[in-house]
Amino acid sequence: MDAIEVETVAEPTLSDPVLVEGLPGVGHVGKLAAEYLIEEFDSELVRRVYADEFPPQVSIDEEGVADLVCAEFYAIETGGQDVLVLTGDHQAGSNAGHYHITEAFLDVADSFGVERVYALGGVPTGELIEEYHVLGAVTDADLIPELEDEGVEFREDEPAGGIVGVSGLLLGLGSRRGLDATCLMGETSGYLVDPKSARAVLEVLETVVGFDLDYASLEDRADEMEEVVGKIQEMQNQGAQMPTDDELRYIG
Amino acid sequence: MDAIEVETVAEPTLSDPVLVEGLPGVGHVGKLAAEYLIEEFDSELVRRVYADEFPPQVSIDEEGVADLVCAEFYAIETGGQDVLVLTGDHQAGSNAGHYHITEAFLDVADSFGVERVYALGGVPTGELIEEYHVLGAVTDADLIPELEDEGVEFREDEPAGGIVGVSGLLLGLGSRRGLDATCLMGETSGYLVDPKSARAVLEVLETVVGFDLDYASLEDRADEMEEVVGKIQEMQNQGAQMPTDDELRYIG
Amino acid sequence: MDAIEVETVAEPTLSDPVLVEGLPGVGHVGKLAAEYLIEEFDSELVRRVYADEFPPQVSIDEEGVADLVCAEFYAIETGGQDVLVLTGDHQAGSNAGHYHITEAFLDVADSFGVERVYALGGVPTGELIEEYHVLGAVTDADLIPELEDEGVEFREDEPAGGIVGVSGLLLGLGSRRGLDATCLMGETSGYLVDPKSARAVLEVLETVVGFDLDYASLEDRADEMEEVVGKIQEMQNQGAQMPTDDELRYIG
Amino acid sequence: MDAIEVETVAEPTLSDPVLVEGLPGVGHVGKLAAEYLIEEFDSELVRRVYADEFPPQVSIDEEGVADLVCAEFYAIETGGQDVLVLTGDHQAGSNAGHYHITEAFLDVADSFGVERVYALGGVPTGELIEEYHVLGAVTDADLIPELEDEGVEFREDEPAGGIVGVSGLLLGLGSRRGLDATCLMGETSGYLVDPKSARAVLEVLETVVGFDLDYASLEDRADEMEEVVGKIQEMQNQGAQMPTDDELRYIG
């Protein structure tokens, strides 16, 4: 295997698609949102990206079949704007690996004619959220007004530590290629898988990209999480300890 | 030395051999099983694989002679199916190293005409085992029925974390080369070197590969371990602490 | 992107410039000093250096625009000696990365005709400082007398652990290229961002390089830090704990 | 700078020299022994080896001059057998780095016609030593009788963890090049810089290589350490804590 290998699974014709990326991260916001798009719309797996910088690992599916760790691109038909969704379960294991893998992702996007990129993620607040704001970062200040019209907030020097990993590099390296890239970060406590934060991000995306999404099943997930949150608050009121990771991640 | 070097020690003619891999891991199940095959049958060292991703280390043999860290392939005559056994003491030190070394292993296997691969290992249960089940994972769902007939269990999304290291990549990269690869994982507490789990794995392998194995000396090892387990249970009943690593690994 | 990419932002003509480097480190002495030069004089960004050994990260500016992690060279007009200032927010993530990035920095310096290099940093003393000494290290003993005349101290085998990172390699690799390189290290407690130590270093630099600097705004920063130091001493007298990182770094 | 660079400092003609390596390790035995040879005999620095796998660091000498981290080869005239001594302050920072650097060391040795290699080191016993044994490991069993005649001990599968780092690879990679290589490991507590263990190793080396060494100044060092050991034993008798690292390493 080469350091990075792109496998062509399907070769649909897309019309000026935008790239939407959602990989694992804070509150699983980006990955939840990306997977929701794949599930809600007609979607087709078009590329797998393998890399020796990914963990040396296979996942086992429901049948018992092993799948080598990879990132996947899906073409989705939204009825409106064509969208290419990038998702997966892993990031690279080294600084240079992150750069190389993101370049490969941008090459795939480029081969489909992508000129606009949306990286989705969460930004941790450290406390349970009442109202879900979406924070933005862009490669070009001209992109800001449209996003602000949709309620996206741009706060000076936030997030303080910058944006790390593939989401950050899609902006950093995308900008060097002349792409317009936006990072949409849903506020989330950081303690829980957060479908409400994913919904807040998707509602922005829906308008700026141009498609219509039904949130019924995401609401179901959110309701389940609400119950968890309710139990946590109850426990906190009783002075009990936080629930274990397993209790919190059952929706993962 | 190149990044990876394969040394040819012998060049026997094998008839459609299958590859059986057992490297160190949970309960030393895979390595115990691989070494047992090498010891019980007529076996011949055929290849050494050196790699700069292995630890920078020599081992010292019973005479005082230093041997550079490597992985080894043995050709074994089972009377039935020809088998190539891969074993060693180390895995690679980085993500990319795992990929490169596994590719080299598959190249060696390919040079002998291997088309079927069995990766052996253990899966930790966290508790002492009464009945030794063997869990399976495959590259192709068509391989499952035969394995299920031999009592191998396929459980949805298990093992939960997937399969990591050379065993996992033999499936992941083997599949991309068109090989049929199976991972057989013996349940084991994870606390002890576990010859009984190795036996459970070998009994499956015996039937699906096609050879006859005598388990007398493995039973001796298992009996020794039983004594250790007995002592542990006694100590637990007395509320004492777990034995130290050295006490548990004397069979290693 | 290549492993390292140098982006040309401006191409001014400089007359035998010296290179002054200040990256993050102990007490932020080097970075404070470098940034102070950039702010106080007319300065022009001339080069950005991107590297896949830097963290995979973008920073977000006051508007919300993402900037890929890089190191920057500024040309500054001091009225006297032309100066090229190298600064940034990050160092490399591996041994080899440090070497490669420093070589790239020296290539940029070379392209401007640099023959003298000053690496600025701090040396931790572990206690609050009354009098700010500057420690020196050089690539050539002939450079010592002039520096000693300015009060720079050369102490046998100090700093004990040598000089690590880009500052160290600018001397080590610079020397192998035939450059005259000096490291000026301001004594600093190591607990605080230390503008007074930065001033001590700049005062030496001012004389040996040849320019005139006004320290008014650096004094303002120092005064703010003095207040913090005062509070710390008060707290120590009361037996309280050290302030948190956030309290100490607000000037960062 | 290339990944590894060998600088030629002098080019003496040596007659079938043997290579003696002593880098930092347990009890500093190897490095003490190597440095003692360099100090006691007429010695000439002949090569410096720089590598980007070494720490990104300069050391500062007694004058204040920075020296880039490197390993050094010295040619020494013993009156008897010509000897090439390899020493330095650092090992590589990664698995692959160890392999690459050791290959470079062997290339230098090869350029001087070296056919025999002695790697010097310590083996920790965990307790203060009364009688200093020297443990051996070789690339070829034929080398053992001569060493046993000099009191070197070969114990089955010892040292248990094998030999790690440059010393181990000089045997492992040296053997693959057809060199005769021997590792001489002085027993040492592992807690202290141990000139007595270094002397035990040098006494073996003296006979098997063929030269005469005066141990007067090494005895002085040993006497100083004896005093430290005496103090430690006194403290232990009084139930006091072990001395700090700084107290123990003042001879380093």
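So that you can tell them apart, the chains are marked A, B, C and D in the order they are listed, and the count of residues begins at 1 in each.
Quick note on the criterion: a contact is a pair of C-beta atoms (placed from the backbone, for glycine too) under 8 Å apart; a residue touches a chain by one contact, two chains touch by 3 or more.
A quick note: this is a predicted structure, and the numbers were derived from the prediction, not measured.
Where subunit A touches subunit C, the two copies mostly use different residue numbers: shared numbers make up under half of all numbers in play.
Note: the chain lying farthest from subunit C is B, by mean C-alpha position. Distance between subunit A and subunit D, defined via averaged C-alpha coordinates, is recorded as 53 Å.
One finds 38 Å separating the Cα centroids of subunit A and subunit B.
Multi-chain contact residues of subunit C, defined as those touching 2 or more other chains: 92, 94.
The touch graph of the protein chains shown is a ring with every node of degree two. In this structure, the chains touch in the following pairs: A-B, A-C, B-D, C-D.
Listed in rising order, the residues of subunit A touching subunit B in the complex are 1, 3, 50, 52-69, 92-94, 97.
Of all residues in subunit A, those touching subunit C in their complex are 92, 94-96, 98-100, 102-103, 136-141, 144, 154-159, 161-166, 168-169, 171-173, 175-176, 181, 183.
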